[in-house]
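Here chain A shows up in two complexes: once beside chain B, once beside chain C.
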Partner chain A sequence: MKNKKKLSGNYFKDFGTAVAKGDMGVKLSLLVMGAGYFARKQIINGLIMIALEIVFIMTCVFYAAPNLAKFGTLGTVQFEQVFDPLTMTSKVNDYDNSFLILLNSIIALFIIAVFILVYIGNIKAVYRLQVRKEAGKHINTFREDIRALFNEKFHITLLTLPCLGIILMNIIPILVLVAVAFTNYDQQHMPPSALFTWVGWKNFKQLFTNSTTVTFGYSFGKILIWTLEWALLATLTTFIGGILMAQFINNKKTKLPKLWRTLFMVAIAVPQFVTLLLVRNFFADSGIVNTICSNIGLTDFLKSIGLVNSNLTYIPFLTNPTWAKVMIVLINIWVGVPYQMLIATGVLMNIPVDQLESARIDGANSFQIFWKITMPYVLFITGPSLITDFVKNINNFNVIYLLTQDVYVTSDQLLANSNAKEVDLLVTWLFRLTNEYYNYKIASVIGILVFIICAAFTLITFTQTIKGNREEDFR
Partner chain B sequence: MKKKVLAAVLATSMVAASLVGCGNEAGGDTSADNSTAATDNSAATTDNSAAATDNSAAADNSAAADNSASSDDPVANLIAATTDTVKLTVWASEEDQTLTTQLLEDFKAAYPDVTFDITLGSESESTAKDTILTDVEAAADVFAFADDQINELVQAGALQPVAATYTYDVAGANAAGAVEAATVNGTLYAYPMTADNGYFMFYDASVFSEDDVKSLEKMVEVAEAAGKKIAMDVSNGWYIYAFFQGAGYELTLNDDGSNNCTWNAAGATDVAQAIMDLFGSNVLVDMGDEEMATAIAEGTVVAAVNGTWRAETASDAWGENYAATKLPTFNVAGKDCQMSSYSGYKLIGVNPYSANVGWSMLLAEFLTNEAAQTARFEARGLGPANTAAAASDAVQADPAISALAAQAAYATPQRVGGNFWAPAETLGQILADGSAGSDLQGVLDTAVEGIMAPIE
Partner chain C sequence: MKKTVGSIVRHLVLAFLAVIWLVPILWLVVTSFSGYKGINTAHFFPETWSLNNYKALFFEPDSVVQYGAWFKNTLIIAIFTCIVSTSFVLMVSYTMSCLRFKGRKGLMSFGIILNMFPGVLSMIAVYFVMKSIGLTNSHLGMIIVYSAGAGLGYLITKGFMDTISTSLREAAWLEGASEATIFFKIIIPLSQPIIVYTIINSFLVPWGDFVLAKLMLNSGIATDWTIAIGLFNMLNKSLVNKYFSIFCAGGVIVSIPISALFVLMQKFYVEGVTGGSVKG
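Up next, the complex of A and B:
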């Protein structure tokens, strides 16, 4: 942490030094950004900076200012239109669109922040030029600057585009999402016809309170627990399944290993949603699996041992909370194991043969070799990918949604009152709230929480796995 | 920990560096970054100015129309005021594409002086709301939707009121129920297109006599004797409404989008008990729509509560024994109550954000006039909302549509807020599978609390 403080301290200290010790050109740059360059006869650089400053000021006046002025209220003029039956046209007033105001304001704030960085950087740069000049060193011409971008500073040229992409595609949408969590953007307040406004922490409070009418708190707790259970189970089962499968296929006694491997790859080749929807139909209450189970008497047997409610004529594979949870994990094994098998195969092929050989000579049996050598090795190599898998499973939308949508009806009334189901993950609940109930505010809050949970988990586990010098231990 | 912080700082500084051009002898790349940003801005401003141009163009148009309003005929005025190509987008369901394409051609032919550029998109009536509410401004100018979505669409400002009609009298030509379904708070918001989106009972006449289908208890008795089942999707708010409304308990919509519900009032537990008894027999079974279709085709289900969209499945399975009628009565604490239902209509709406509201309204009228509704019945068997079209012999002879007409007396238009569905679904589920327990009043209280949850 000290590092960071020092860095940011230096950042502003340098700026202060530049302003204090700078000559006329540098000081003038505080007002006219190109001045410092003109003083060193870098005319083109100077012109570019002036142009940049003008564009920024124009942006502020014509784009940022009108939007930011309404940022505090997110708009006050409601949409109104008057239809004239005689001309068959309607007149629309100059209405505010809360969402556009929010979006544009955030972009504007972002532009301002970036400009401040550029501004400070500019002062420092011209001061550095001054220092070079005073020291009698060479000052680059514009052409040399450009050339430098393709040589010693090529990384800057390369990274510009990805950084812009990240800002446009990730950072700004995330900032908007975070902002929506503090508004009352929902079905009652949908732009462009209605306005929404800031409500502070109210949505967060709502998610953690539990009254008779608002059951979000209850649902959040239940769903969070199941989400974590699911992520743990799904990760572990597919991981172990994948390793065992790879081990069996890699075994020297297995005939036609390539054929088996290809067969399992087919499961990947079929799009997941096709598989899942088909499986959902197989396991429907009157689906083919139930017909078979009932014909061979399995249904009656399960009834007699109490696993199936006695007044049902079918096995509620995907309609009873416990059954559905077990089935989802099982079906996920089938869908997820081939991937893990691929990874495990790669790892297993790279196990140093000498270790296995020496173990065998020492008299270890296959199981001991697997448990004492193969497993630790695989775990060590795939540790980080296991963590990413866990986080991925927290957000595993496909399996849960496709298997239970339109099939599963919750019998917990409190869950139903906040549009949740026992088998929902946070992410499927979030999807339902936004897509079916337009409850963007609560969905944003859940989104933020999912992000925090995933981030916290990743950080903690990565620290644990990287801690110490495990590689040495393993050797 | 240190490493990570360092990494984070490095990453941030990398971003910053690429933006500030490393500070060091800046110039070239700084300008590259910022010129891109500048381009973004100018793009944004261009958008704005385009929007502004649109507005002024609209204003111009209306001004021009005002000037040239020599005649009192608004349509003539509109034609005179229209100089550019009229661009319209229309959404109709996948099954309606062929017919709508034909109607659009007819529409163009009806106004030969105007150049149209009409795009036909595919959007199911049942999900139109979801797509439209995502971005009202980007939605189609004219779209078809099911009447249950009208409240939310009106609330979101996605429907242009039918303030005036030009080619036919929308309110007068259509059935009263259809007009009621297209009206919110006294204002007509849409053009009725079909009157066949409600539910009723269809049955296999070889199993049930016409007397049997008058009472649900009798039907259960007959079906049990025949070893067959009766299907109804009771774990669905849309269908469970039939019982409670039929027994006289109310569910209404408040102005703010929340519900008012008396399903837990005194005596309502008898209704819940009746549902439990009926479904406890395991003869009347809770089945989703798709599952029901399979079961009908397989022959295990011989009667079902469903809508016209399953009529074909049933008539394929039962052949000439296929029959349809109004919903039966059911017994609440010794008293027979007629099951109610939601009437269902498909409507056509006009987007108020349309650049060509006038033409959109004319097109909506064209797509719902008597000729169009007759054509829709002939091509697809959809029951017309237009009274003249519905009076034809062909329509009268259709069992499903006449069953709907018989049920219409007990049906109400769907006026319910979004908080109804999930609690009602769960209520139906636990009543049907018998897991409601003995505290029925408590179950109903919880359900009603969810249904009536306030909307902020």
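Up next, the complex of A and C:
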């Protein structure tokens, strides 16, 4: 933290020195970007900078200013449509679209922030040129500047496009959603026909309140617990299952290990959405499994021991909350174990053989070898990926959505009031809130909370990976 | 004697597990050859066999089934997504792994934190961004959505590049090669396994993705869809009884190229990832 403060301190100090000690060219650059380049006869650089400044000013006047002016209220002019009986057309007034104002304002703020960075960088660069000139050093021609972009400044060339993509696809959407969490954007306030506006922390409060009409607090608690249970169960079962299966197949006593491995691979070679949709129909209330179960008397047996409600004629595999949760975890094992087996196979093949040999010579049985040597080794290699898997499972949209959408109907009125189901994860709940009920404000709040949860888990793993200097070790 | 019993038990257990893993797939395949259109709930194996479902898939397009168009859409999107995302991933991972510049670690941590934001959530905002520039329901829009953020998934490739010896690059430096030359002539050829992995991985995204496509391709016109949405739509409550076996046929067809690529990818994944990390 201290380091960061020092860095940002230096950042502005350098800027100050540049302004204070700069000559005419540098000082003129404060007003006309590029002036400093002209002073050093870098005409093309100067022209580029001037062009940039003109484009920026145009953007400010025609794009940023009109949007930012309405940013405080998110628009005041309501959509109105007047039917003109003379021309038989309807006329629409010059209305405000709150969402577009929000989106454009955020993009505009982003552009302004980037421009400020470029502006400061420009002054510093121009000052650096002045210093070089005073010291009698060589000043790059434009051609040399371009060449530098493929050499010592290659990182700029390489990162520009990916960064633009990330800004467009990740950063701006995230900023928009964080902003939406503080507005009343929902079905009653849908642009273009209606306006929405800022409401402060109200949505966060709503998510944690419980009353007869608002049950978000109740649903959030229930779904959060199930999400964490699911993530833990899904991660551990597939991980352990994968290792056991890999160990079982790779064992010297197993004949034709390749054949067995291929058999399990067939199941995951089919795209996940196909298998999940298929399995959903496989276990449907009137599906094939239920027919077989009732034919062999399993349904009646489960009824007699009370696992299935006696007034049902089928096993509610995916329609009863408890059954559905168990089935989802089991189906996930079915989907996930072969993947984990493949990874575990790769890891197991690389176990140092000498350790296993010496343990065997010392008289350890295979059970001891597995727990004392194999498992610690596998955990060491795949440990970090366990937490990544855990976070992925918190956001495992496909398994839950494809298995339960259109199939599972909740009977809990409190959950139904907030459009949730017992088997929902936070992300599927969020998806339904937006995609079916247009409740963007609450969905955004949930998204922010999911992010905080995931971030907490991920940071634990990655602080070590990044901060530790391990990346140099392997070379 | 004890040995053979153990061996039989071991293989029986494996066979039992294999059956569990294969039964749904078997059901998929046999249903796709069924002469009956909807779900056969009474028998595991169809009572009449026919190739009608495959014929319907390719030669009898209607308002619900447009398999040829879906395949073409998905293929086009997949090819361009694959090119763009692989280049982005390579560019970012090379920068983060081999180049040293101010703010590198800051950028890396920032990327990781950004990547933790649930994709499903930002999708809705992505949809609005794309809608405001008029790119929903288009191939270009899908390609952008799938590939623009690809740079964030650099960790695995970077990990692999971290294992490439620095002395190679230093030698090239001394010979006067520029960073760009080193990137194209040394690092890329040496990273082959992980590049193949990245290529196949990004190629598979549009074939398996469901959520994003459902949000972005919302025109309701079947010819615009990708395979995933098309097949999902067939299982709609009102359609499932008419189209279930066609869905199965579609599932079988899409699995063939995908599984081939998948097997290939796993080979390179194991080679690239575990090969890289085990050295530590």
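Some notes on this structure:
Simple rule for what comes next: the second predicted complex is superposed on the first by the 455 of 475 C-alpha atoms of A that agree within 3 Å, B and C clash if a C-alpha of one lies under 4 Å from a C-alpha of the other, contacts with A are read in each partner's own complex, and residues count from 1 in each chain.
Everything below uses one rule, namely that a residue touches a chain if its C-beta (ideal position, glycine included) is under 8 Å from a C-beta of that chain, and two chains touch if they have at least 3 such contacts.
Bear in mind the structure is a predicted one, so any value in this text is a computation, not a measurement.
Once the two complexes are overlaid on the shared chain, A:Asp406 sits against chain B and chain C alike. By the touch criterion stated above, A:Ser286 is placed in contact with chain B and with chain C alike. Touch criterion met: A:Asp145 reaches chain B, while chain C stays clear of it. Using the contact criterion defined above for the overlaid structures, shared-chain residue A:Leu86 touches chain B, although it does not reach chain C.
In the overlay built on the shared chain, the residue A:Pro173 is in contact with chain C alone; chain B does not reach it. In the superposed pair of complexes, A:Ile223 makes contact with neither chain B nor chain C. By the touch criterion defined above, A:Ile249 lies against chain C but remains apart from chain B after alignment on the C-alpha atoms of chain A. Contacts of A:Ile101 after superposition on the shared chain: neither chain B nor chain C is touched.
Looking at the shared chain after the overlay, A:Cys163 reaches both chain B and chain C. Common to the chain B and chain C interfaces on chain A are residues 157, 159, 163-164, 166, 284, 286, 406, 435, 459. Those residues of chain B lying in contact with chain A across their complex are 1-2, 4-6, 9, 13-34, 36-38, 41, 44-45, 55, 58-59, 61-62, 65-66, 69, 72, 74-75, 77-78, 81, 130, 133, 136-137, 152, 155-158, 160-161, 163-164, 166, 235, 256-257, 280, 282, 287-288, 291, 294-295, 352-353, 357-359, 361-362, 418, 422-423, 425-430, 433-435, 443, 446-447, 449-450, 452-456.
Against chain B, in their complex, chain A makes its touches with residues 1, 3-4, 7, 37, 42, 44-45, 48-49, 51-52, 55, 59, 62-63, 79, 81, 83-92, 104, 107, 111, 114, 117-118, 120-122, 124-125, 128-129, 140, 142, 145-146, 148-149, 153, 156-157, 159-160, 163-164, 166, 184, 187-188, 190, 192-194, 212-215, 284-286, 309, 311-313, 406-407, 409-419, 435-438, 459, 463. By the touch rule above, chain A contacts chain C in their complex via residues 99-100, 103, 147, 150-152, 154-155, 157-159, 161-166, 168-174, 176-177, 180, 245, 248-249, 251, 253-255, 260, 263-275, 277-282, 284, 286-288, 290-292, 334, 338, 342-343, 345-347, 350, 381, 391, 395, 397-398, 401-402, 406, 427, 430-431, 434-435, 440, 443-444, 446-447, 450-451, 454-455, 458-459, 462, 466, 470-475.
Listing the residues of chain C that touch chain A in their complex gives 6-7, 10-11, 13-14, 17-18, 20-22, 24-25, 27-28, 39-44, 88, 91-92, 94-95, 97, 99, 101, 104-105, 107-109, 111-114, 116-126, 128-129, 132, 144-145, 147-152, 162-166, 178-180, 183, 207-208, 210-211, 215, 228, 231-232, 235-237, 240, 244, 247-248, 251, 254-255, 258-259, 262-263, 266, 269-270, 273-274, 276-280.
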